[in-house]
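Labels run A, B, C and D following the written order; every chain starts at residue 1.
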Amino acid sequence: MANGLKIAVIGGGSSYTPELVEGFIRNYEQLPVRELWLVDIEEGLHKLNIVGQLAQRMVEQSGLPMQVHLTTDRRRAIEGADFVSTQMRVGMLAARGRDETIPLSYNVIGQETTGPGGMMKALRTIPVLLDICRDIEELAPNAWLLNFTNPAGMVTEAILQHANVRSIGLCNAPIGLRKWLSGKYGVSADRIYTEFVGLNHLHWVSRVEVDGVDKLTELLNNQEDYSAKNVPQQGWNPTFLRSLGALPSYYLKYFYMTDKMLADQQKALKQDGIRAEVVKRVEDELFKLYADPALSEKPKQLEQRGGAYYSEAAVNLMRSLYNGTNDIQTLNVANQGVLDFLPADASIEVNCIVTKSGPLPLPVTNVPPQSKGLIHAVKTYEQLAIRAAVTGDRGLALQAMAHHPLVPSVDTAVALLDEMLEANRAYLPQFFA
Amino acid sequence: MANGLKIAVIGGGSSYTPELVEGFIRNYEQLPVRELWLVDIEEGLHKLNIVGQLAQRMVEQSGLPMQVHLTTDRRRAIEGADFVSTQMRVGMLAARGRDETIPLSYNVIGQETTGPGGMMKALRTIPVLLDICRDIEELAPNAWLLNFTNPAGMVTEAILQHANVRSIGLCNAPIGLRKWLSGKYGVSADRIYTEFVGLNHLHWVSRVEVDGVDKLTELLNNQEDYSAKNVPQQGWNPTFLRSLGALPSYYLKYFYMTDKMLADQQKALKQDGIRAEVVKRVEDELFKLYADPALSEKPKQLEQRGGAYYSEAAVNLMRSLYNGTNDIQTLNVANQGVLDFLPADASIEVNCIVTKSGPLPLPVTNVPPQSKGLIHAVKTYEQLAIRAAVTGDRGLALQAMAHHPLVPSVDTAVALLDEMLEANRAYLPQFFA
Amino acid sequence: MANGLKIAVIGGGSSYTPELVEGFIRNYEQLPVRELWLVDIEEGLHKLNIVGQLAQRMVEQSGLPMQVHLTTDRRRAIEGADFVSTQMRVGMLAARGRDETIPLSYNVIGQETTGPGGMMKALRTIPVLLDICRDIEELAPNAWLLNFTNPAGMVTEAILQHANVRSIGLCNAPIGLRKWLSGKYGVSADRIYTEFVGLNHLHWVSRVEVDGVDKLTELLNNQEDYSAKNVPQQGWNPTFLRSLGALPSYYLKYFYMTDKMLADQQKALKQDGIRAEVVKRVEDELFKLYADPALSEKPKQLEQRGGAYYSEAAVNLMRSLYNGTNDIQTLNVANQGVLDFLPADASIEVNCIVTKSGPLPLPVTNVPPQSKGLIHAVKTYEQLAIRAAVTGDRGLALQAMAHHPLVPSVDTAVALLDEMLEANRAYLPQFFA
Amino acid sequence: MANGLKIAVIGGGSSYTPELVEGFIRNYEQLPVRELWLVDIEEGLHKLNIVGQLAQRMVEQSGLPMQVHLTTDRRRAIEGADFVSTQMRVGMLAARGRDETIPLSYNVIGQETTGPGGMMKALRTIPVLLDICRDIEELAPNAWLLNFTNPAGMVTEAILQHANVRSIGLCNAPIGLRKWLSGKYGVSADRIYTEFVGLNHLHWVSRVEVDGVDKLTELLNNQEDYSAKNVPQQGWNPTFLRSLGALPSYYLKYFYMTDKMLADQQKALKQDGIRAEVVKRVEDELFKLYADPALSEKPKQLEQRGGAYYSEAAVNLMRSLYNGTNDIQTLNVANQGVLDFLPADASIEVNCIVTKSGPLPLPVTNVPPQSKGLIHAVKTYEQLAIRAAVTGDRGLALQAMAHHPLVPSVDTAVALLDEMLEANRAYLPQFFA
C-alpha cells in the first residue's frame, strides 16, 4: 500500500460504477486509490468501455493521481490488489427475467434474491465467485473481498466455507434505513443506533435510538414504513407490528404478506411486463448518457436506479478497514456465536465494528423470539442451496427448493426445479455434466 | 407404594379407558396397581359411569386385588397418587369440530393438533393442565404426570416451564412405527432400533436398524409408507424422499404437501361432514357396547378408533419408571442440549432410557440438516402460543398464529384469530377477562 | 441530566479521590458534572473531610460550576445520581494486612485480590455492594454503577446475579498496558489494538497491533515485561513465553511462578513488614499533604501510590457512556457467550465498545488454548465464593477455598478458612449469625 | 461374524491375559469367539509364549471351538478382526519406573497415568496407538477398538481426532465402584445406578441409587471410602466430602491431598523402592505360575495384581456391542455436548447405553459445580499433550507440562520436561528427529 491502494472491481462495466468512482474521488484523502481496475467479461466489453471511459474522464477532472484500467484479464486486475469488489450478474438481466417470471407461473413469489429466483441466482453465482476466490488466494492473499453480488449472504457463506479469502458481504438496506432515520429525525447518522438481527434480506431491526433515546416504540406505533424503491410498498397490520416489537425488513413482506405480494407481482407483470426488462430500459438510457464524451461526472439519473448507497457502503467499508476506524457498520459475516442457534460459519447480517484486522460482530441485545424460526428456516434453505451449488447434486437442490418457506409444497418444488434448472442450463455446468 | 400403586386418570370417562384397564390387568405383576381412580368433570359423569363400570367388571373378572374408583373430585383422586395420567379434551368434540372446520374456510389446514386448530386446543388446554399441576404439587409431589393430552409436546413444555411437577409427554406415533416395522420384518420390537429427531407430531426418523443392520435406505427407496388411520394417506415423491434421507412423520404431510392435504380435507368435509362428528358417532356406538352389563373385556371395536397403542405406551412407561428397566422409549421431554439449536427447556420428542429417576434423553446421532428450519419454525410458534395461553395476551396469540408455517399470511392470521378466539370464548377466560 | 450530571463516589475519602476530581475538571466539556457527592462511613469521616476539602479547593480554582458535597448519608448521595462509583475497602487496611499475611504462614500466596486473601475480601465486600445496589435500585434506577472495588470481577458478577443495577467492573491493568505500549512505540493509544482474554486479574493479551501491524510476536520474543508497581517483577521463561503465544497478565505470575512469588512475599514480609502497613505509611503522608490548605491540585506524589490510571479509566468510561462514543474499552461485564465455556452471567474482562446503552463485548478472536483450564478453574472458585458470600454457607466457603488453584490441598483450605473467617468475624455477619 | 468372532489383543503377552481368556470362555454363548489372536512385540515374545500357552490350555479344557493364535505379526492379527483390544505398555515397566520416580525428585507427584509421569506415557503411547489405527483402517475398518492402554482418556481422544476408527476407552474404576456398592448393599449390580461426571481417572460420582433410592447422602456422611489397591488410602475430610456433594474418584486424592500423597510416595520409595519394580516382582512370580504346564485356569494370585475387573469390563463391552443389549456402561467416548463446557471431540468418562451401533452417552443430571474448573484444567493439559505427542513440538510439550495442575510452576515444568524427554528418548522419535 506504499504508494496508494490497488482496487479491482469485478463486473466493472455495471451502470453503478460511476457512483463508486465518485466515492473514490470524494474520499481520496482517507482512501488513497492509486490504481482502479475495472474488469468485465467479453460479453460486457462494450459497456465496460463506455462506463470506463466516463470513469477516466471523472478522474481526470478531479486532478487526482488515480489510474483507471479497463480489462477483461481478471487475474491481472486481482494481482496484488488491496481490495476486490464484485458486482456482477451471472446470466445478465435475461437470467434475472427468468428468475422473476417462472415462479409466478406456479403462483410462487418471483424475486431475484430470495425464493426460487434467488436460489437460481445462487446456483449460477457461487461457482463463479469461488473461482474468483481461487485467483485471490493465489494472486492477492491479503486482499479484502467485498461482495455485493446477490444473494450476498449466501455468496458470503459459500466463501467462508469453501475458500481461504478475507471476505465481507454488503447490502445497501442497513445504510438506507439509517439514512431514512437521519432524515426523519434531522440528526446526523452517527447519532443513530440501530440493531439488526437476522440474515441478508431477512432482518428485523430490534433497536432504534437517537442520541441513546429509544425511537422504536414510536416507529412501531406509527406504522412508519421504510421501503426501498425496488420493493412494492404494502402497509403492515398495526396490531401485528406492535406485537412484533421490531421493524421488519421490507423483504420480510414476501414472507408475512405472501398473498398480497404475489398478487402485486402478477398484476405488475401484466401491466408493465417483466421487471428485468424495465430495468434494462433504464440501464440502456443510462449508458446513452454515459457515452456522452462531454460528461465527466455521475449523472443525476443514476440515483433513481435503485440500489442507492451501494457505493457509499463500499467506500465506507474500505475506508474503515484501511484506517482501522472501529466504527459500526452492518455487514454480512460469519455468525461466530452471535445467533446462538446457528452454526459458527453461517453468514448473518449484523452490526460490526470495523477494525484494521477486519470486522468484529457485536452481540445482539434484543433478538425478537418470533424471528428465530423464520431465520432458521431460511438459513436451512440457504445451506442446502450452497451445498447444491458447490456439488451440482439435484437431490440437494430439490431439498433446498422444497424447504424454502415461500415454496408451498414438495410437488411445486419438483416442478419448479425442473423448469428452472433447464432454463439456466447454460450457467449451471455443475448440474449438466 | 408399599401395598401397590395409586393411579389417577384425569379424563377417565374417555372411550380409551378400557384399553388402559386391560393394560393394567395384563401387567399387574410388574406394575401392581392397588387403586385406579377415574376422574372426570360433571359434564362427563354419564360417560364416566358407563366406562367406569365396565372397568370394574373387567377387574372383577381378572380376580386381581385392584380397586376402581369413579369420581368428579379431582383432588381426592390425585392425593398420594404415584402416577397421574391425563387424556381429557377441553371443550369436548364440539370444540374439536370448530378447530378443524374454521381454518378450512380460510383455505388453511384444519387439524386438531397443529396449525390454527392445534393452537386453539393448546390455548384451551394449557391452563387446565397447569391447574392440575397445582394439585399435584400440593397433594402428590412425587407423582409422575403422564400427559397424553394433545398437543402433547406443547402441554409438556408448558408444564416444564410453569410447574414443578415431574412430567412426561406421550404420543402413540413412535410405538406405532416400531409395531409396523416389527410386523414388516417379522422380528420382535426389541430387535428394532429407530431414532426420532424433532418435536411431537413433527419428527423425522433418521435411523432404522433391525439387529443393528440399516433398513432406512431400503425403506426410503421403496417409498414405503407408514401412515396412521387418522391421517389421510398421500404418496411421497420418491426423489424427495430419497434425498431427504429420513422417514418423515405422517404429520409432516401437512407441511410438505399442504395443497393436497388441504384439498383432501375440503373434499372430506363435503362428503363426510365434520370429522369430529364422525368420531362422535364412533364413540356413541362404543359407549353403547360399554354399557352392556354382560361385557367384561375390552371390545374389539375399540381398536378401530384410531389412537392405537396409547394405552400400551402409557402402561409401558409406568412399568419402566416403577421398575427402572432402563429400556428405550420415545418420549416428549426437556431438550437439555440434545438439539443444540433449541433452548434447554423446550420439549422435544426423543429416544430416552427410562430409569427409576425418570427418562434420560439419548443423543441424536443423525439430524437431517433439512429438518432444522422447520423444527425451529414450529417451535417458535409453540413458544409464542404457550406464552399466549399462560398470559391471555392477544398480541402474543397473533404472533403465534402468524408465525405458524401453515398460516399463509399475517392478514389470514388476524382474521382466523379473531374468529377462533370468539368461537372458543367459553374456554378461554384468560382472553376475555 | 438537564443541567449536568450527578455523581456519587462511595468511599469518597480514599486517597485516590484527587485524581478523580482532576479528571472531572479536565473533561468537564464532555462530561459536565454538576454535583459530585463524596460519601464515606463514620470511621472514614476524618479522611473524607481532608480529601473533600482539597477537592473543593481544586474545583474552586478551576472556576467550573461543579458542587462538591461531603456526606456520610449514602442514600442522599445516591438519590437521582447518573453515575455511582465505588472504591471502598471493607475492613480498611488492617483487613488487607490480614489477607496478605495469614496465608503466608501456611506457605500460600498472600494477595489482596486473589487466593485466600482475595476470597476474604470478596466475602467482606459483596454483601456491602449488594446493599448499595438495593439503594440504587430504589433511588437511582437509571444510574450506572462503576465498580473499582476489588476483587472487581467477582463483585461485578455478584451484582449481575443478585441485583437489578446497570453495573460495570473496572481495572487499571488494561489501560496501563496500552499506556506502556503507547510509550514504547511512540504512538497515541488509539493506534494500538490489544485483545484481552480472561477474567479480572487473570487475563492473557492475545493480540497486540500498532496501526494494524502485529507486535505480539516481537514482544514475546524479546520477553519484554510490563509489570505494575504493586506486583514484584519476575522474569518469564523465554521458551514458555514464546510457546504461550500471548502476553500473560502480571497477576498470572502468582499462578505460573508460585514458588518464586511466595518466596518473594515471605522475604518482603521479613524485610519491610506487612505491605498493607507500607501502604498505610504512604497514605498517611499523602493525607498530610492533602490537609495543607494551600494545596489546590493533585500532588505529584499520588502517582507513586500504585493504582495508576484508575481515575482515568473511570472518567473515560463515564464520558463514553454519556456521549455514546462507541470507543473500545476493556471492562468487566457479563460473558454472554464470548467465552463459550463459561456461563452467560459470568463476569469476564473483555474489550467492549461503549454505546450510550452500555458496553457491548467484542468477540475474542484468538483464545490461547492454554488459558481455558486456568480461567475455568479460577471462575469455579469465584462462583463458589460468591455463593458463599451471599449465603454465609461454610461448606460453600470451604469448597471455594479448596478449589482455588493457589491453595495446595483440602487440609490447608480447612485450616486457612477457619483462621481467616475468625480473623474477619467483625465483617462477616453472614457467617456468624 | 458368520461363524464366530475374531478378536485381536495387542499386548497379548500381558499378565492380565488369562483373566480375559477366562472371560471369553465364560461368556462364549453370548460372545462366540472363533479366533483369539494374541499379539506382542519381539521383546515380549518370551512372555507371550508363556501366557499364550496357558491360554491354549485353558481353552482346551473348556472344550470350546476357540482357536488361540500367538504372533508378532500385528497386521495378520488385525486383518478382518471384529474387536481389537490394546493393553500394551510402550517402554515396559522400566519406563513406568522412570515416570514414577523422576517427578518425585522435584517434589512432584509421580504417577503413571496423570501428572508428568502420565504425560510421558501419553507421549510414548499415542503415536503407537495411531499406528495401530492405520492398520485397522486398512485391514479391519468395521472393527471396534477397545482401548485399555493408559492414559485411556487421552489415547481415546487422540484416536477420535486423528484416526478413522470406531474406538472406546475403558477403565476398571467404574465397574469396581459398582462391585463395591453391590457387595456393601447386598444387591446385584443391575439394581445400582451410579452417575459419573468427568474424565478418565478424574471423575466425581454424583448419583448413587439402589433400586432408585438415593444412597449418596449416607455415603458422604459416613465418609466411606472406596479405594483401589493401587492407590494408597487416605481419609477424606468429612466437612469437605459433605459439601462436595459427590464421591470423588480415588485419583482425585492426587489433586485434593497433594501434600499427603506426595509424602506417601516419597516414603514408599524409601521403604519399598520403585513401585514399578514391586509390580515387576509380582509379575515375575505370576509368569512362573503361568509356565507350569499343569495349570489350565486363571490362578487366584492374579486377582491381587490390581487392575481388577479390566477383563470383565472388556468382555461386557464386547458382548453388549455384539448383541446390542442397550445396557448402561461407563466408558470413555467423545463428549458430544454432554459436558457443555468441553469441545464435542474431547473424550470424557460417562455413562453410555451400548447399542449395536456403538455407545450413546447419557446426559449428566447432576454436575457438581466444583468439578468444572478442575475437569477443564486437566482437559486443557490433555489437549496440549495430545498435540505435543502427535507433532513432537517441544513448545507444546512445555505448555502441557506447565498447565498440569499438579506441576507447581513453569520453572519446575521446564526442568522436569528436559529430564523426562531425555530419559524417554528411545521411545519419543517425534521429539528427537
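Basically, a residue touches a chain if its C-beta (ideal position, glycine included) is under 8 Å from a C-beta of that chain, and two chains touch if they have at least 3 such contacts.
Here is each chain with its UniProt name: A, B, C, D = 6-phospho-beta-glucosidase.
Here the structure is a predicted model, which is why all the values come from computation and not from measurement.
J.: Could you tell me which chains are in contact with chain B and with chain D alike?
T.: Chains that touch both chain B and chain D, as defined above, do not exist here.
J.: Work out the mean Cα position per chain and let me know which chain is farthest from chain C.
T.: B
J.: For chain A and chain B, what's the span in angstrom between their mean Cα positions?
T.: Centre separation, chain A to chain B: 45 Å.
J.: Any idea how many Å lie between the Cα centroids of chain A and chain D?
T.: Between these chains, centre-to-centre, one finds 56 Å.
J.: At least two other chains touched by the same residue of chain A: list those residues.
T.: If we look for residues of chain A contacting two or more partner chains, we find none.
J.: Which pairs of chains touch each other?
T.: Pairwise, the chains that meet the contact rule are A-B, A-C, B-D, C-D.
J.: Would you pull the chain C residues touching chain D in the complex into a rising list?
T.: Those in contact with chain D are residues 236-237, 239-240, 242-244, 256-260, 341-342, 369-370, 372-374, 376-381, 383-384, 394-396, 398-399, 402-403, 405, 408-414.
J.: Touching residues of chain A toward chain C in the complex: what are they?
T.: 191, 193, 207, 209, 211-212, 324, 326-328, 336-338, 340, 353, 355-357, 360-363, 365
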